[in-house]
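Scroll down for the structure; my scribbles are underneath it.
Order as written gives the chain letters A, B, C, D, E, F and G; numbering starts at 1 within each chain.
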């Protein structure tokens, strides 16, 4: 029953796995970045639901709101930072994607890493992540 | 296939963890019952002079994190510019619009009608960050959004003339610089770095001083964030084969 | 375009923005009012600089006064449109015969045309899909939907005080 | 009244699931954009409803951002879609 | 009480039009005709729900914000509909015709 | 309390702020940028040096940012180990920066040059902040600055392989950051705090051990990718070998170690070990991977034809050493790991900078091209040889000391298999290092390979190399200056 | 009642995420991803995080989506077929 009560957690873990699946399995690099973003938001969802309080109110003290009923503001502050970080990483990765496409003419990981000119082991470099 | 199994296993593991986690929303679980939160919620208003506790935490209690955050934004800009290069300074470049179709008059007019409101709304978000939801970066992102639509509709040529590089360039780092300056000011007041409150100097002025500094920092973040987002966008939109238009 | 005209335009924009600000802040405290005045003036100057000629000068106090009445009529049109569309959609056989028709409007300037085409989009069975100079391409769901266009055009002309010539 | 509003919000969000069907099957990108735009409008309404269910007025700011950003995204995306050089779907 | 009933009525109307819009979105044959239900029904649905909420909230500052939102919805949804329609037209998407199946819809 | 308690925060923030200010200088006087970029790092180094002796052996120097006491605000936490690492970071970044002034102007041009220095400073500041922080979430933030700037620095030359390597790095690095964030979420859910000192107390009597264990595993995976622990090292060889040489030096000599230090920190300062057997078994698993890394890295390094690629694989192997020191769980092993960070930082930075010299002067990347290099570039070759000796761990160098302690620690911990692995690793290192030394000094070069104007690299590029290689010697001979205090600190940690 | 609402939002989230991941047309994926962000903002409203809802609406739905679209516009729209 506790598991059902924590359905937000389950959802975020599910989204995390969807994202990770995309990052690992899909071969298109923009798709991988979408997966990355899904992963990120899932973790944000997880952290925010950690700070939730049943019947809580938003942590904004206008009009004499009762502090003891407010939800936990700390994860929200953290995730704000997290969102900014996520955008930054996405922007950089997309810039790299644009440059990669200019140079290789493909967005497919397999094609990108097929002609590994710098040596390295061929088998392991199919965009595996973890 | 292996990766699918791996992910399924990971999901099972995570589910197991989640099943063993404290129930969500319970006032007694560790996140909600720690003394950290109590102080934030009960004294946050007095100590940071921000009704929005989240803003109080961001700017004041955990200001160092936010300083890192604005550095991340700046770093993203530096990184994107290092990878893609900036649209060039001093000369006007025509944007090779792949579509070569002017945008719709209706959309142009509507955007022109809405942009002032979007900008004013973002100013409101920035300046009222401490009493209502929002704050520096949100405001910056909204301005960034308005500039995005402006750029896509009016083209890079026009928008990079309207928001020229000599305007963006000095403002991009404003977030970090403001934060550092305010932090150093706290040091000068006898406190630690990033102290917003210094009783020795301020005295009765203390509350309004803290509020003003918060607003200052938020404004810095907003300006910096907006400019960074716009610059990143321009740098990504710009075509490699820009055509030089001699002025 | 003289300096004085630009100034009055800015002032009007500033006043509208100030009203928007008051609605946003939801308070009449002095601090907020002053801040709002400063900010809206700032934003007005900024957007005039930003948008330049894209900002259509046709918004005048007269238009603003006529706007509520126009809006009411527009809303009535919208309600009629929705009734119409609902009837079509919920009809089991989907009685539509769409086509793209062209319509030449006599309304001058970007803003009236924009308002006109947006009104077309919101009124029965018609969606503007293209506007080039004075030529509108309108997607009509059923042929009879074209009939309402002229009336709508008159309404917009009234709003902006445009006289039909020629 | 709160329960009533919740039911309305529920209906609208289920409605949004149906709209996602259009966004999912296309067939053209414009269809998807339209679907997402409608989902966005519905989300906006749900935001407003939830604001009143939770009785927290400041969420209306979020709703305003929603409208503005929905406009921004739709217009920007359709501008990109109208460009030539896209392969047919 | 009366307030609540009026608000509820508005909400029901809005929801109804939303449902209609969704049905149209699914049923209609091509992008252009899908624009009709989406722009009109969504605008009216959203506006009437907003009005319902405005009635529900009564005279307060929130009313002003709701009015602002309603105005934005009015402006933006029509423009969005137009923008999508135009992009479809520019993107050479054929207009669906009843008489002889699919034919070129540009009228030229 | 003297003014020195403010030093750590300035060590971190001054490079960051100067990085933001640098574009203005770049706008006014492009030529001054490389010199100006050194100032903040020199400032940090001076502050770091002034801090020597001020930090208590048992405990740490805490600094409450914003004046908020720890569980509420963020705390900086500089213990002796962290301080030691911060000094290494300052020194090596300063030397790499000095090296890059001439080197980078050839590979990068125009506006990117300023961006290079900006990112360099951001990266150095982020590393310092990463080491100094006492807050788990702050760790994440600085990790992201570090990661972003390093992604961009790998790609900065803009050639196809560089961009590809950078993208591979992003594809592995970004999910790992997210995993760290998830781990932070797990820890937070079980304890309700983010401060490391506070976490230690609360983890000890937490009821949610399953959550904590998974959090720990996620931390190890997340930082393991950044640290290129064996199965997660795929990004490393490409990124390290393709990046400009000063950046390779930084990535290989510092970034990887800093990430390892994060695991070290999490393991000993946060989870404080011993609370559950499962932590220990996680660490055992890490030990197995580390042993595999030692062997795999060594073998792969032998197989390489490209000089920088070889050094990169050598890094994979050496990360294994450091992890073996950590998993030994004895004061000697930890001391060895820390000292190996110093040694590895110096030696690897030196090797990469030497490789940079070869590339800069002659454009040679392949190992075979180095035959007879001694005649034209004796200084570079000698420095390379000295650093290689340290990598192989031959007595007077720091490499020997560190490996001695690693072996000692593992013997004390009873992990005799790892002792064998360490010895085999040393033999492998000897094979790949001495091959190059043999090529350099005892083989005749190819026809015309080393002719033309016979000049060694410029003094400004030789000086950093020599400082680094003499550093390995210095810290080898004078190891008694550091080892006792490190041992004290480690004993306190355990 | 509130639970049902939350569950619906979660279903919406998962559905949009799956759609975004499975779409072969990259542009469609990105368009759906913007819907995902919008719904995520709704989720955050339910979890009483107004600041985040604002940020997500502005950043996730606005900035990120447009950046993605710009990137797709600069590269290619379809996923390459299997070989």
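Quick note on the criterion: a contact is a pair of C-beta atoms (placed from the backbone, for glycine too) under 8 Å apart; a residue touches a chain by one contact, two chains touch by 3 or more.
Values in this document were obtained by computation on a predicted structure and should not be read as measured data.
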Common touching chains of chain G and chain F: A, B
By Cα centroid distance, the chain farthest from chain E is F
Return the distance between the CA-based centres of chain A and chain D, expressed in whole Å. 22
State, to the nearest whole Å, the distance from the C-alpha centre of chain B to the C-alpha centre of chain C. 33
Which chain A residues touch at least two other chains? 8, 14, 16, 20-21, 49-50, 52, 56-60, 62, 70, 74-76, 78, 80-81, 84-85, 87-89, 91-92, 94, 96-99, 128, 130
Multi-chain contacts in chain G, i.e. residues touching at least two other chains, fall at 48-51, 53-55, 58-59, 62-63, 66-67, 70-71, 73-74
Find every residue in chain B that makes contact with two or more other chains and list them. 14, 21, 31-32, 36-37, 40, 52, 54, 62, 65, 68-69, 72, 75-76, 79-80, 83, 98-99, 101, 104, 106-107, 110-111, 114, 117, 121, 125, 132-135, 137-138, 142, 145, 148, 152, 232, 236
Of all residues in chain E, which touch chain B in the complex? 72, 75-76, 79, 82-83, 86, 90
Which bits of chain E are touching chain D when the two form their complex? 4, 7-8, 11-12, 14-15, 18-19, 21-22, 25-26, 31, 34-35, 38, 42, 45-46, 49-50, 53, 56-57, 60-62, 65-66, 68-69, 72-73, 75-77, 79-80, 83-84, 86-93
Going by the contact rule at the top, pick out the chain G residues touching chain B in the complex. 49-51, 53-55, 58-59, 62-63, 66-67, 70-71, 73-74
Residue numbers on chain A that touch chain D, as the complex places them: 57-58, 60, 62
If you look only at chain D, which of its residues touch chain G in the complex? 3, 6-7, 9-10, 13-14, 16-17, 20, 23-24, 26, 29, 32-33, 36, 39-40, 43, 46-47, 50-51, 54, 56, 58-59, 61-62, 65-66, 69-70, 72-73, 76-77, 80-81, 83, 86-87, 89
